[in-house]
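Labels run A, B, C and D following the written order; every chain starts at residue 1.
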Amino acid sequence: VAKKVRVGILNVTGYAGLELARLLYQHPHVELAAVTGRSEAGKPLGEVFPTLDDLGLTITAEVQGKVDFIFSALPHKASAEALLPFLRQGLRAVDISADFRLRDAAEYKQWYQVVHPAPELLKEAAYGLTELNKDAICGAQVIANPGCYPTSAILALAPALKEGLVEPDIIVDSKSGVSGAGRGLSLGAHFSEVNETVSAYGLEGHRHLPEITQELRRLAPGGKLRVTFVPHLIPMTRGILSTCYAPLVESRLGSGLASAQSELAAVYRDFYRDQPFVRVVSAPPQTKHTNGSNYCVIYPTVDPRSGRLVVISCLDNLVKGAAGQAIQNMNVMLGFEETAGLLGLGLWP
Amino acid sequence: VAKKVRVGILNVTGYAGLELARLLYQHPHVELAAVTGRSEAGKPLGEVFPTLDDLGLTITAEVQGKVDFIFSALPHKASAEALLPFLRQGLRAVDISADFRLRDAAEYKQWYQVVHPAPELLKEAAYGLTELNKDAICGAQVIANPGCYPTSAILALAPALKEGLVEPDIIVDSKSGVSGAGRGLSLGAHFSEVNETVSAYGLEGHRHLPEITQELRRLAPGGKLRVTFVPHLIPMTRGILSTCYAPLVESRLGSGLASAQSELAAVYRDFYRDQPFVRVVSAPPQTKHTNGSNYCVIYPTVDPRSGRLVVISCLDNLVKGAAGQAIQNMNVMLGFEETAGLLGLGLWP
Amino acid sequence: VAKKVRVGILNVTGYAGLELARLLYQHPHVELAAVTGRSEAGKPLGEVFPTLDDLGLTITAEVQGKVDFIFSALPHKASAEALLPFLRQGLRAVDISADFRLRDAAEYKQWYQVVHPAPELLKEAAYGLTELNKDAICGAQVIANPGCYPTSAILALAPALKEGLVEPDIIVDSKSGVSGAGRGLSLGAHFSEVNETVSAYGLEGHRHLPEITQELRRLAPGGKLRVTFVPHLIPMTRGILSTCYAPLVESRLGSGLASAQSELAAVYRDFYRDQPFVRVVSAPPQTKHTNGSNYCVIYPTVDPRSGRLVVISCLDNLVKGAAGQAIQNMNVMLGFEETAGLLGLGLWP
Amino acid sequence: VAKKVRVGILNVTGYAGLELARLLYQHPHVELAAVTGRSEAGKPLGEVFPTLDDLGLTITAEVQGKVDFIFSALPHKASAEALLPFLRQGLRAVDISADFRLRDAAEYKQWYQVVHPAPELLKEAAYGLTELNKDAICGAQVIANPGCYPTSAILALAPALKEGLVEPDIIVDSKSGVSGAGRGLSLGAHFSEVNETVSAYGLEGHRHLPEITQELRRLAPGGKLRVTFVPHLIPMTRGILSTCYAPLVESRLGSGLASAQSELAAVYRDFYRDQPFVRVVSAPPQTKHTNGSNYCVIYPTVDPRSGRLVVISCLDNLVKGAAGQAIQNMNVMLGFEETAGLLGLGLWP
């Protein structure tokens, strides 16, 4: 039996951190050896999160003892700062924060209003949208785990953009559950304020927009890419559904609606043929189809009257949109089966 | 004191019918004299709907006694059929069903798969989007009360289209609470199936699409209008939020984002200046801002990077999207203050 | 036309304060003249609460101008302190906080951990459970508006206790929506933590217990009253359902289940015969039957196997459990019809 | 490697059946070989339930091929009828329906209004509350899997009753998510009717009452047991919280509250010491602590003022209340580790 990899989680007390712990509990090749969290340091993990009681761990302020691999679920800036010492020791890491997502330190500063703590690492980090970037992920020391919205938007649009089926004039209208806003308190996540209502936000520019734009541009280089991204908050805990719109390039798909539809579906199925966690489906999916699982489910279609591409994608923002994809990336980095620890089925209903 | 108008509701047992009864209870010029409902005929209204107990009415199979005005909340086809005898007696009516919304009987047949029961009336009916059509509503015998989605979409886009600010290339991405699906049972409205999930539907063409297209075309005649409409079901009871997208016509708004924004807001404020139930706001609204009230709240903005118009509109699908607008139309028809019976504030939280 | 009474609300920015403003907007004899709120002072009320925009008011730090009557929706201690100057000027007031509910300053200190700011007023204040205490309310200067749980529990049990039908050995198991916890931020009211879950709390003794006990003792003096009260938090915004249990005194109700049931119902109907806001019903009610309205709906029954009284009561915690009852008390104090401003029907669905 | 046991599920299309399939997918000793469902026969399982797509199964009308073990998730009566042929062939089975729960065919008829299809088997079946009945479960051919409410109530009360700490005068006030009502359509499970509301039901006698009474009587024989059981429906999908009340027998627990509390906790901890799926906790639990897992979490306490025992228990009605416990029983019957296939942690948030 191979020795298990000893893994640490920085900031287990946020939703991404706690979801990492839940998933790693069943990972066949990993031992969760350390979980940190300043505010709750010293407490048994099971006291703070009763669902994690079986892990038998205690939260510490800093990683104690030797670990072989690090996940950071800290907020941006704090995350890069906390990872630096581990990286200098040669450890490999997945960073769930935004710190290594944007290639350009100036753009990072513009969107996050802080100076990047380690700009020299930006070029070395790999963008961890596993399906699109496996080679780079394999060899990188640090992975920038994608944002939840970008994961849903980029996976939805990649086949069409890459195959030149659409004009680079894109609208992403996303609907997210409230857990995406994290465990920090705010009036906008207060039950009585957010239940039974829906709202758009980030209309002046959400921080996930430059990330979406950067990665879509890599798929369709040269073009003059225009992206409008409008996220919405809806009254549920988990899940993101993105509805993506783009004009179809004329005469790239078969004439006649049925033929265009089936060619489109074939392009998508082919594109994701070898990807264990992307499922191209033939009926509009729901977010709850992915509840607790690492799937991204995608439904591409042609709007029959306007000749527009419409793609619906669904995922669990805390799994494929955060902790699950982080583990998928670790699996690729460490040469495990890509699906290790991620085989649990979604919960329905 | 003027004599109160005696009003009847056909099919009080659906959500639109019951909301009519709730609102009419406080209408100063109306006496609710008859409420029908086949399946519950003979039962006290307060037994079927405890919140309506104070009305002291009994549900009957047919309207009994004399009424002066009729609301129909029956399903399509049944509605026109049931209204015909009243119209022949000269009564005026508001039809909440889809029966008089499409001007063209062939289009009606195409979308509703039934032959229209009274095609001769299609030309006489007025489309009851009160803000846009007051003159016609004043004089009409029968009003086609708009669908909930069309109300939110058309009010959101009318000023921009009418003023020629946008290209006629429109996307309407709507999010609706479950009450829009009505009181009839279906797996898609079963609590455990619809809670904690979001889904798109009607991608092949929702019945509200031809209605949106017909009315937007009246606002921007001549143009080659393209409309993509994607409704979504979200886990709440009441409310519709529509996010509408259209390319701005170049150099119609001031150069510079701030100036474009403020000109846009001015156009919208001006357009709805005299409308008591449209509120143009300067921050993104939520559906719960309209919970139980007849307001449609609209936030127009310019996407700073793509130069696209984005308009958010919110309303309560059972009030401004159905029963409230029906009463607003009746008020206009009968010469009452437009706001009579509709002054109650929304419920928050 | 009589001059309207000028009313002020202290702390309009909590849920009880905002609900007062919503309801007073339609009160025929009241003009809402001042609304205070430290944290939002200077802002238009409609900016903070869009549903209240039609009131056209601005939030101020202190009451400005002359008012004739005061509602306080401040937290305990702050409330009595803020009311004192108005009371000294001779104004009458309804206090929605807990400050005047317990007759005994020592008990107040024990449960609220602060010294009462105005113990001399405790004997003069009337406990504002309108149905049970109308005479005292009529003449009092200051009304202690009851807590939401006590209102539901006491109205449910009063007829049975007063008529000696039950032993004074009582269990109140209450289920409340989250708005009862107020608008202040806490992890326990954070959407992702409270959605899709139910929990009991206050098992060591909830602050509403001494209030329930004090008032039930007035109904059944002399007895050795034992009350167990367990509140639960459930994932909805508004509403309280209390399930109350007590052993029936033998041979007080007719022998045979049917006869016991109908005698019990008769006792309850009779007890509340003249009360406009208590509805004794013959089928188990739901909290949503009272959504937005001032009703308390009560269903008394006999458990056929154990011979126990079981009473279900439902109300909207922000209306009959707070702002609605406060207005009902004001109506009684000022000699208005008891129902003035409170006639709006509940929202369903 | 031992050969896997081939298992069939009768009626995979209800919530208990589908949850069985979800859990068995990761069971190390089981191969799910057949899933039946009349209404959806012929369809891929993943088409009907996308979360189950990885199972790669097709729904059939009847079990096809050889199976070694049967779970039935059929409705009562149909379940016993469908199991009979398998039992006659010597197969062992867990029946999730109510058919083998009540020992007495006459009582079955009284509560279920049908004649029992196999009364001769009632004595041979073991009641599958695993923690209390392991010996009988080991040897039985057919297991009556307990109802969701009885599981929560009996586990909450067993230690106190068995140790003689309480009088046999019991109240069980339960709060259940809507999935307990199953996948069948009804107005009472229609989203808009059940969201944002809470109601009590079954006040005249719920079918789980005789089951609770039968099993509690086995724990406290001889006594005159009185049980009042009031279930409530609350707006969430999964989970049951039961609040159980009983008078403490005097002087059985230490004098003084703290000492009584700690003795009580010790009794409970001791009682469940060797049970992997019962967790006795020291703070009030929430249903979401068990979301998707097989735990029953129990918090016993003493009401300080009334001297009453209050016990809170939480479980996931579809796991420990149905499919999970069914697998736990199969594990015991077949000599597997009791926890096989049931190690996944609960989902939070």
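Points to keep in mind about this one:
By definition in this document, contacts are C-beta pairs under 8 Å (C-beta built on N, C-alpha and C of every residue); 3 or more make two chains touch, one makes a residue touch a chain.
All values reported here derive from a predicted model rather than from experimental measurement.
Of the two chain pairs examined here, A-D and B-D, it is A-D that is joined by more C-beta pairs in contact. By residue number, the contact pairs of A-C overlap by more than half with those of exactly one pair in B-D, B-C or C-D, and this pair is B-D. If you average the CA atoms of chain A and of chain B, the two centres end up 38 Å from each other. Note on chain placement: the centre of chain A and the centre of chain D lie 36 Å apart, centres being C-alpha means. Taking each chain's centre as the mean of its C-alpha atoms, chain B lies 46 Å from chain D. Contacts with at least two other chains are made by residues 15, 177, 179, 192-193, 195-196, 235-238, 285, 289, 291, 349 of chain A. Interface residues of chain C facing chain B in the complex, by the touch rule stated above, are 15, 18, 22, 25-26, 49-54, 179, 195-196, 237-238, 279, 281, 285, 289-293, 297, 343-349. Considering their complex, residues 15, 177-179, 183, 185-187, 189-196, 235-237 of chain D touch chain B. Remark: chain D residues 169, 171, 173, 175, 177, 192-193, 195-201, 203-205, 209, 226-228, 230, 232, 234-239, 241, 243, 245, 284-289, 291, 301, 303-308, 310, 312, 349 touch chain C in the complex.
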